[in-house]
Structure formats: C-alpha cells, structure tokens
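Pasting the structures here.
Heads up, the next two complexes both have chain A, just with different partners, chain B and then chain C.
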Partner chain A sequence: MSKGFRQSQAFLHTWSGLLLGWVLFLVFIAGTIAFYREGLNRWMRPELAQVQQPMRVLAGAQTFLARKAPDAKSWFIAVADAQSPGAPVFWVPQPKPGEGRGRGRGGRGRRDNQALIGADGLVATARETRGGDFFYRFHFDLHYMPVIWARWLVGFASMMTLVAILSGIVTHKKIFRDFFTLRRAKGQRSWLDGHNATAVLALPFHLMITYTGLVTLMALLMPWAVVANYTDERAMGDALFPTMPAIARAGRPAPLLDLRTIAADAERRLGAPISSIEVSEPGDAAARVTVSQSPNATLNTRTPRLGYDGVTGRLLWQAPPTGAAAETAGVMIGLHAGRFAGAGLRFLYFLCGVGGTVMVASGMVLWTVKRRERLPDPQCPHLGFRIVERLNIAVIAGLPLGIAALFWANRLLAVGMKGRAEWEIHAMFLAWAGTAVLACVREPRAAWAGLLGATGALLVGLPLYDLAFTNRGLFAALAQGDLMLAGLDAAMLVIGIAFLLIARRVARHRPITRVMRRERRATTPERQEVTI
Partner chain B sequence: MSGAAVLVCILAFLLFGLATEAHHRRRCAGPLSSRRRRLLRIGAWSALAVAFVLAIAAAGWIFGPVLWTGAVMAGAAAAFLALNLLPELSRTYHHGSTGQSD
Partner chain C sequence: MMVLGQNHARARWARRGDIALRVLAAVPLGYAASSLWAMALARLLPGTRSGATVAAALVALALCAVAAMWAFAARSGWRAVWTIVLAGGVAAAVAWLSIAATGRA
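Now for the complex of A and B:
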C-alpha cells in the first residue's frame, strides 16, 4: 500500500517535473537574476553616476518636466535612491478632444514621453537598454508572445512545480537521514544526492516562492472570486488600489509647489522612504500630488499612499487601509519579490534562487542519467530519450549562454543604434537559437562541454571588459564605494569560473560506471534499484 | 547581527551533521555514542534558537523570521558543502573512502 503510494508519487514527480521543466528552468533563472534588477539596471548603463542626493534628482525632475511638459495631464516621477540609475520620469499629454482617454503607458508613443534624470539632476543620456527590468518581465511574461498566454504558461508551470515539490517530498525516502549525504563520483547516485540537496536544503524557499508566485497570478488563474464579488474590473481596481478622487482642471494657472517639500512631508508622515510621485494637472490651480511609500520598508508590496494639494501642499487624502485578504496577498507578493531585502537577505534570496535553478537542472539531467543506464543500446537511444537529452542541452546550457550574450550585446552594440534595447534581447535569443542548433548536431558530451565552456568564457570576459573599457570596472567601483556594481562584476567572474570548471569536468568525464554497471547487471540481473 | 545569525546557523548544522554516523566517522575521534549524539543535537537545536533571537534582534519581528529562515537555509547549505567537500582534517580515524554503503 505504502509502496504503491510512493511509486505513484514518484511517477507524478518525474513527469510533472519533466514536462514543464524547461519552462521552469527559464522562470527560475530569470527570477533569480531579477533579484538584482536594480543593480543590473545600473550595471547595464555604465555611463551613469551613482545617485548621492536623491532630492537633487527630484528637483531636477521637476525642473525638467515643468519645461518639457508644463501643461501635461499628469507626470510620473520614480524617486531615485542610491540603488537606482536615476529618476525615470514620464508624462501623459492632455487628451485631444475626441480622443479616448489613453493612459499613455506602453505602445510606441511612450518613448517620446519619457526621460531619465541622472544623479546631477539633468537629463541623462544613457545607452538604450531594458536593463534588469527585462529579467523581471521575462520571469513571468516571457518574450515574443502575448502576455496573457505567457502568464498562463508560467502559471501552469508553477502549479506543476508545486505538484513536483510535494510529490518529491513524499518520494524522498530518507529526507532527514540523507540530509547531509553526498555520494561523490557515483553516477546516478551523485546526481540524485545533488538534486535532493538543492531541493531539501532550500525547501522553505522553494515552497514559499512557488506558492507566492501562484498568488501573484491568482486573479488570472482563478478569476471566479473577482467575478463573484465585483461588478467589473474597475470596481475591483478601486477596492484594491484606491486613488484620490479625480478633480476637474480649474483652468487657472498656479505654480506647483516644490516637490521636495511634499516629499519630505510624506516621508515624515509615513516614517519611511517614498518611491514614486504622481502629479495630475501640474501648473493648474487644481494640481494634485500622490506620493507612494517605497516597498523597500515593508513586507507588504501594496504600500500606503498620500494625496496632496499641489499648490498649497496641504494633505488632502490618505489611501484607506485595504482588507485582510489584500494585505495577505500584498505580503505574499512582498515575500516573493523580496523588495524589502537589504544586501545580506537579498544575497540569500539569490543563493536560494541559484539552488532552485540547480535543482531543476539536476532533476532534468537525472531523468536522462537514470534512463541511459537502462537503455538496451546506449549507442542508439530511442527518440524520446534523444529529445529530452538535446532539449536539456539547448535549455540548461543554452539559456545561460544566451544571457551572457545579452550582457555582451549591452556592452558592444553601438550606443546610437536604432532599436538598441530590443536588439540586446534579440541577441540573447539568437545566441540561444544557435545553441539549440548546436545541441542537435553535435555529440551530447561535446555540446555540453562546449556550451558550458563558452558561457564561462563569456561571463569571465565581462568584468575584464569593464576593467579595460569602462570607468566602472571592479576596482573603480570598489574605490567609489559602489558595492553593487563591484559585486555584480565579481559575481559574473565567480559564476563564469564555475561554468568553466563544470565544462572541464564534463569534458574529462569518462563514463566508466556505465560499462561497469552493464557488466554487473549482466551477471546479477535481478538487482534493480528502485529510486526516483 | 544578521551575519552572526548565519554563522550560528552554520554551527548548528555542522553539529547536526556530526551527529550522523557517516560524517562523525569521517571527522571526529571516537565512536558516536547515543549520549554524544544527543549532546550534539541539543547543541544544534540551541544554536538554531540563538540564531532566531539574533535574527529578531537584527531585523525586528516582521523581517526577523524571514531572515532566520534564510539563515537556516544558508547554514544548512554551508554545513552541507563543508562536511562533504572539505578534506578530512584527521586522517587517523578515516575508514573507507566515502563511508556509506547503499
């Protein structure tokens, strides 16, 4: 009975893990990188100086917007801090008569309505890049496909992950006894131990990140609660994200108060730093300013907001506290994204993410390692085995190479190039497609070693390039006390060296155990191992 | 303070690891008596409790438990790697290459 149950769970674990494992690997690796989204936003714009005085940037943003879009419908200013590349601003022009009330978000029009204010308070000219924000989006929106499909796919993969984690716990026979066990150089055993170690050691993280990841998509995956309780999406939006009551334009010009005054008042009232300022009807007597608290200071991502009169600076409105359910969801999303995490905790998040990525990768490789030993003829495996083997190479070795290619494209593409930000991403997918071709034509071991080695070389090269050709290399960043940039360069060096070591190990690997096992099996055919 | 929490967690999991047959044989002198095992485990649990106090002191009641969970995972991983990958310090009590059979 118990054995039958465990075997059914092992079956579930194998197939729920395998079928969407490649999507899951992508989601894990992109999400792990996205923990350093802000850092990469700066790393990928090496010409920008670190922000030292956020208020100076805010004043610069206001000056710029007042000159550039004095009669806009609204301004949006992201408040800079030491971790951000500056203050991105955008503005929405007054709607023309007869035109629908567009938000101005997304689409091609937005590019002309935005700017980046640098550390000196002036408009910064940085290379066009999506920076670390790409990885954040890629993590759940994927790329080249409609967002809704991507989120359904990622949501489905997350559900399968939850199934795989829970069935994996059941399948793992000796979760505490084998807690510290790592049998090295023992073929399938070692892969199993490695897979178990990365899964069990960071199990709280894996459960948390999968479950809260599903929570972030819950309104999409389970729309019934929304449909049952709210008449339309706007009603739900108003309940979850209350906004200050809109007011008609007065038509009388009045100077906007210095936003620094409002920012300082908001920070005092909230007792925490602020992250964004939205001004509606600037320059009009009816100007309103909404200030949002930074999510860096709370576990809940849905942070309090304050509304001010833009001319007098009087506090007019406070976002009403949301309900317990919204609070729970906010806290779960906060736990998932780790926006509150300081340097140490963020690094732990990152390490756990690496653990999860290795868990997925080792599980997928384990599928082939385990089956290779049972193949009737290892020289000519069946089609399913070959598909999984090649897909593993194309995804597990190919995607990191693509990401390294994206970083190189960020450094090497001409600064003035048209569509540069998109081409950085195209470079990643082109390199990735190249690895897929390679995975199909080359012999597997050579393909693994070649791709891992190339990834390692590319990653190690990046900090060296920074040292030689930018003024923000490892040592310069350290000298400026910019630990984030220095840390990213150092991390690329370390990860690159790790890739090179693994590549060397794969290249030198001689599958002796396989021959020995076959001989042994030939003599004692009844000895079958029942493991996952 | 949060660094101290991680260090204490590493200590906790080193003790947990040394309370297992295989790692004790590789790294400690003398047999693993049930009394010694119990002492090691009590020490390990106490260290986890101390780490919790440190984490709360470092980050407060909201973020402290998150920090503690992270520190526990980091400690377990570091102890796992140390016990399995560091060469044995004492070769005198070293029996067999990997210690454990199936």
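Now for the complex of A and C:
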C-alpha cells in the first residue's frame, strides 16, 4: 500500500471522525442501551408483574377489545412474552362516512385508542413512561426535531462513520499487532492504543452495525433505485410487504374465534413464537386475522406472516417470499437490531456497543491529546481546540449523566404527573444542558472528574434506591427468578462503579506531556507514526 | 523573507482549495454519483424488478463510502472531482438509455 494513500486516508479518518463524532457518540450510546429495550421497558415500570402465561394475556386483550371497540376497523395486539411489560393493544375506529381512506392513525387518535394488558389479563396501570423504547427512538430520531431531519443527520453521520472505519483500517500499518498492544499510562500513546483496541477488537461488529444501520434508513437515504424502476413507489411497497387481499365488510355480525386458537395454530405452522396479531373487521362475518412470527426467532426482520378467516379459523393466506435481495436487506436490518439474539449473544451485542462507544469517545479525546502537545502555548490554546475540548466534556461526560438523570426521573417523578413520560426526557436534556454549562466554566480536568464522578454516583444510587424503596430490587428480582431486572440493576451498579473509578483516575492524573517531550528529544522516536 | 512568507500563504490557500474540492467530490458529488449508479444498477441487475431495486440500493450505499475514500486518495482535488463526475455521467447515460428503451413500471 503506498504511503500517499495511507496518509490521505489518515487525514480522512481524523476529520470524518471528528466532525460528526458527537452525533455518533449519541447514536452509539443510545443504540447500545436499546439492545436492552425490552428489559428497560419493564425496569421503568416497576408496578408491572412479569408475564408468566402469554396466552392468558392474549385472551385478556381480546376480551378487552371486544368490550371497548367491538365495531373497530381493526385491532392490533402485540403478543406478550416473559420479557415484555404485557400486551400493548391499539384499535382503529371505523372511518366516519365521508372521511375517505385516511389511515386514521394520527398521533392523537392513536394515543386515545390504546391500552396495555398486564400479566393478569386485565388493563394494567403503570407510570407513564417511554421506557426503553425511548432509547430505540432516540438512537435514530433524536429528539425535539422533525424525524426526517434527524434521520438524515444520523444517516450522514453513519456514512461518515463507515468512511472513518474503512479509512481507519487503511491507516493501520500493523492492524494485527495493534490488536494485542495496550501501553498503559503513556499519555497519547495509551489513548491511541485504547482507540485501536476498542476499534480493532470489535471491528467486524463496527463494520456490520454501521453498514446495516445505513440499510435500515435506505428507503430514505437512497430512494433513487426505486425511482429508476417504478413510476409509483407504492408498487414497490406491495412487492416487498405483501398483505392479505382486503375484503369488504359483510355487514353480518359473526363472533370472532378465540384468538388463542389461531395463535396456537400459527405457532405450530411456523414452528416459532408469534409476536403480533392484527384483526380486521372484528365481529363481522368478513373478519380477517393476520399473525406475524416473532423477530426473536429469525435473523430476517421481515418475518413470515399467516392470514386466517377470523370466524372459522381457516388458513387463507401466507405471505409470499419476497426474493433474495429483499431477504438480504431484511437480514441486515435483523442483524442490526439484534432481536434474534438470546441472552448470551445479546450481552455480546451490548459489549460490542460499549466498545464502539469507547472507540468514538477515545478517538475524540485523542484528537485533543495529540494536539495539546503541539500547541504553541498550552496555557492558551486556539479557539478550535477549546471548542473540541469543551464539546468532548459536554457530550462524552455529559450525556451519560443526562441518561442517569432520566432513570432517576423515572423513579422520582410523581406517578400521576401530567405529561410525565415527556418530563422524564426533559429531565435528561436539562441535566445534559447543565453539564454543558459546567464544561464551559470549569477547568477541563475538574469538569471531567466531576461529571464522571456524578454520573457514577447517580448510577450506583439507582439499584440502591430500588432495594430500599421498591419491591423489585436486586435480591427480590433474583428471588423471583427475574434475571433481566436483576441484571439491569447489577449492570447499573457495575457501570456506576466503573465511572467512579475513571473519575478518580482523572482527578489524580498528572499530565506527562512535558516529560514526554523531553524524552522524545533525547531519544529517537520508537515509531514514526502516520498522523491520525 | 517577505517573498517566502507570501509563498507560504499561497501554499496554505492552495491546500485549503484542494481540500474544499475533495469535500465537494466526496459529499455532494459522491452522493449524486452513487445515486445515479443506484438507478443504473436497478435497471441492469438480473432478477425480479423489486429484487434488482433493493440490491442496487444496497450496493449504492457502499459506493458512497468508496467515493469519499477515492476523493481523498486521488492525486489532486480536481482529479477527484472530474473522475467522480465522469463515473456519475456514465451511470446517468446507462439509466437514461434503459428507461427510454423499456420504461418504468
């Protein structure tokens, strides 16, 4: 590989990494947390009992909907399992005459037409919260901004990441050796080693997660292939997401079959658990039931679906295969979301996500560490340097503190508070804004140590609070065999302690740049590295 | 001394201009060329129409990254610009001819 090529890619790596690194850090940290989205959905609703009998919940959902919305256009039931907080249901009312073919799923309408069925089959009342789903959305929709803008921004940042990863690989002269190299307490060298270790160790994961992430946004980012082949993009949608042919309402009432019967038949035919049931025209002779297989059981996120007659329970329809390319795209999205991954593999996903988050953070810090040594006057750095340095503190140390604040808001805000779910999120941004102010006014090292330490204390406090004030603390969860809740409490404890240890290290750290400079002058440099 | 300083300043501006050209080649032109290749591949790839469409989009996303790398690897900023414009132009011609010949669904 020519030296010129490597140097050009090193330049590209530095700047593509730096410019959107802060967005990327947010995307990585939120996405990593979102691997435990279902667990957090329950952790953030401590009132709810764990689902033991999913079919009991399904029967409860049907009873509830038959009473609440007997004449609806359609019902949607998410089938509960041991990891879900229950079965969320929603229904779409019949369109009023003259309303046309509107989807009738406007934000507000849908909010009024939904409920959560708990483990006992009755409507569950839990504190209002977005739960772990918030992190899933935050990961690509950000917040306080139109989702389309957010997705373009995240898509652009992801493309920069892909470029940073590919050019980072090229930049490496000794990729295999760096895999095993970690020189501790050596200033810039250690930051570079740490950046390399987290990047190279999980390199296949980083490449996979970045490219497949782009694939999840492909319809938005790269619609041109569709334009080349179709005059109406709905034709493409019909080919990729076939649905059971719609039929008109018969107008004759007929009782809907017990959905448990259909669910059992579908699980037998699919050989896998199901995740959702959609009923159109319930209570009518033309009722139809569509059952989707759970994405927990297959790599492809576009899972097989079956269509039934809702009155007789006869199988009427199977989703046709969509072809190799569409399945490839579906598998890529499945790989990205990791829903197929069981406990062990999910944990590996989480660890790789942490690795990615540390990779981004160490890369950003490395930019400043490397340049501080070369500053003409280290006491008075130029504006660009100060901006990067402060932004690093505000984002890398500030966002985790904001997230810890969100968890605390989830525990402390009054249960009946109006707009509670949204205030949990406001709490995160308020705390985060506070850290940004602190990052600007305090001396950098004190700000780093203070924020990391505060985050650690907040995180360690959460499981302790659960032990003292809820009946779902670490030991109670273990006694109930609820490993997910126990694991989340334990993880917060461990991550909190890690933050405290890092904070202590930062606080005790004495910069060694002076010494290094003298050493460098005295001896020939060990390795004349390419600048990155 | 004076002359040397001026040369230095000129070299700095030349470098900035070169980087600006590469950014232009990497971001807007790279995206445009990848999009045009998405269109051309969607027409050319074998298989069903929907399959070719999805496959073309998958490839085009990777092309975006390749274009950005090429933009910074090329010998000069101008070279990066014209090669990427040329690559996009070829794709545009292919897509246009194919659509003109057989139409869209």
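One rule holds for everything that comes next: the second predicted complex is superposed on the first by the 505 of 532 C-alpha atoms of A that agree within 3 Å, B and C clash if a C-alpha of one lies under 4 Å from a C-alpha of the other, contacts with A are read in each partner's own complex, and residues count from 1 in each chain.
Here is the rule we go by: a residue touches a chain if its C-beta (ideal position, glycine included) is under 8 Å from a C-beta of that chain, and two chains touch if they have at least 3 such contacts.
Because the structure is a prediction, the values reported are computed rather than measured.
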**Asked** Is A:F5 touching the first partner chain B, the second partner chain C, both, or neither of them?
**Response** second
**Request:** Scan A:S167 for contacts with chain B and chain C and give back first, second, both or neither.
**Result:** second
**Prompt:** When both complexes are superposed, which of chain B and chain C contacts more residues belonging to chain A?
**Reply:** C
**Request:** Look at A:A202 in the shared chain and tell me whether it touches chain B only, chain C only, both, or neither; answer first, second, both or neither.
**Result:** first
**Message:** By the touch definition at the top of the document, which applies to A:A228: first (chain B), second (chain C), both, or neither?
**Reply:** second
**Request:** Considering only touches as defined above, state whether A:F469 meets chain B (first), chain C (second), both or neither.
**Result:** neither
**Asked** Touching A:T322 in the superposition: chain B (first), chain C (second), both, neither?
**Response** second
**Asked** Counting only touches as set out at the top, which of chain B and chain C does A:F241 meet: first, second, both, neither?
**Response** neither
**First, second, both or neither for A:L345, with chain B first and chain C second** = first
**Asked** Once the complexes are superposed, what residues of chain A are shared between the chain B interface and the chain C interface?
**Response** none
**Message:** Looking at the complex, which residues from chain B come into contact with chain A?
**Reply:** 2-3, 6, 16-17, 20, 22-23, 59, 62-63, 66-67, 69-74, 76-77, 79-80, 83-85, 98, 100
**Item:** Of chain C, residues touching chain A in the complex
**Value:** 34-36, 38-43, 47-58, 60-62, 64-65, 68-69, 72-73, 95, 99, 104-105
**Prompt:** In the complex of these two chains, what residues of chain A are touching chain B?
**Reply:** 177, 179-184, 186, 197, 201-202, 204-205, 298-299, 335, 340, 344-345, 348-349, 351-352, 355
**Sites on chain A touched by chain C in the complex** = 5, 8-9, 11-12, 16, 159, 162-163, 166-167, 170, 211, 214-215, 218, 221-222, 224-231, 235-236, 239-240, 322-326, 328-329, 332
